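Residue numbering begins at 1 within each chain, and the chains themselves are lettered A, B, C and D in the order written.
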């Protein structure tokens, strides 16, 4: 499942991109924040709380990507009569994602 | 549960710290990788696969921090007869973490 | 999100139904198995292993229901030009399911 | 990890047992409820909502068992100087449980 896919992608508009990149930049900063907590020997429970916050933020990014994918790529495939393969492909990732 | 805790922490040794920081640096790099995929309008399923990989790596960091916490802070608390409060505190985070 | 929906449902055929009911009967039996382990004061770790097995089986049932829903109800809605509402509805549940 | 363990178990008192069995009986009933929904060709999203409710209930049972295990078996092992093995055993299950 790790091989890359060459499908036509409906590009995000600038606003969409900025919004998503902002969320990912924040997550990147939170990961650096945990590095600092480890360096400063901060209390483990506080570190776990931060890890849990990043997990939730990351999961929300995943859901946004999933929703957009369904509204664009999966919907296009269904309209072209290729829905089953596209749904099958998405389900493989959701199973991985929801483990 | 977000208020900081002031508990005595058994500091990680240098080797432990380097190992943990290395894992977190890699996760930081993976988050930047997703930013790039968004900028390049890469196929959503490939983005989801990367998000899922980061989630797993992050969860493993969380489990390592949990295990260390149990072996040090919780074990010390139990030996001092303060186990229940320490376990209660950890369970609150595990419930959050395992949602 | 708990209010019932009155949508046209593509009924499962007999074979599909039997397969799904068989899985659910097995899960029902596993839940009774845990009741027995509690009654017999079995070791907690063994109980946790069984709970984890039920969770995985239940998640797979959820993914099967999701996949079928996408192939039938969501696909029909997309073909009728009502895809966005149907995808939005499903995403709400996936966010709940994937928490 | 599936081999049974023979550890000394601190038996639950009657009240504890009844409380836990009541929760598990309710989950058993919820699983039967889903079987009925499948038989009646109910709308998939409503079925998914019920599956998600069972998952949450099951996870809470798991956390209760985990908490009790830590307060009894793990704490006893730590007091006897056998904490590391007991924590290692629990972490294996939490990693499985938190996947």
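The rule is simple: a contact is a pair of C-beta atoms (placed from the backbone, for glycine too) under 8 Å apart; a residue touches a chain by one contact, two chains touch by 3 or more.
For clarity, every value in this text was computed on a predicted model and none was experimentally measured.
Chain centres were defined as the mean of their Cα atoms; on that basis the chain farthest from chain B turns out to be C. Averaged Cα coordinates give chain C a centre that lies 18 Å from the centre of chain D. Centre-to-centre separation between chain B and chain C, using Cα means, comes to 29 Å. Those residues of chain B in touch with two or more other chains are numbered 59, 66, 90, 97, 99.
Taken together, the touching pairs link the chains into one ring where each has two partners. Interface note: chains touch in the pairs A-B, A-C, B-D, C-D. Residues 1-2, 4-7, 9, 11-12, 17, 20-21, 24-25, 27-28, 31-32, 34-35, 38-39, 41-49, 51-52, 54-55, 58-59, 61-62, 65-66, 68-69, 72-73, 89-90, 93, 96-97 of chain D are the ones that touch chain C when the two sit in their complex.
Residue ranges on chain A touching chain C, taken from their complex, read 59, 63, 66-67, 70-71, 74-75, 78-79, 83-84, 87-88, 90-91, 94-95, 97-99.
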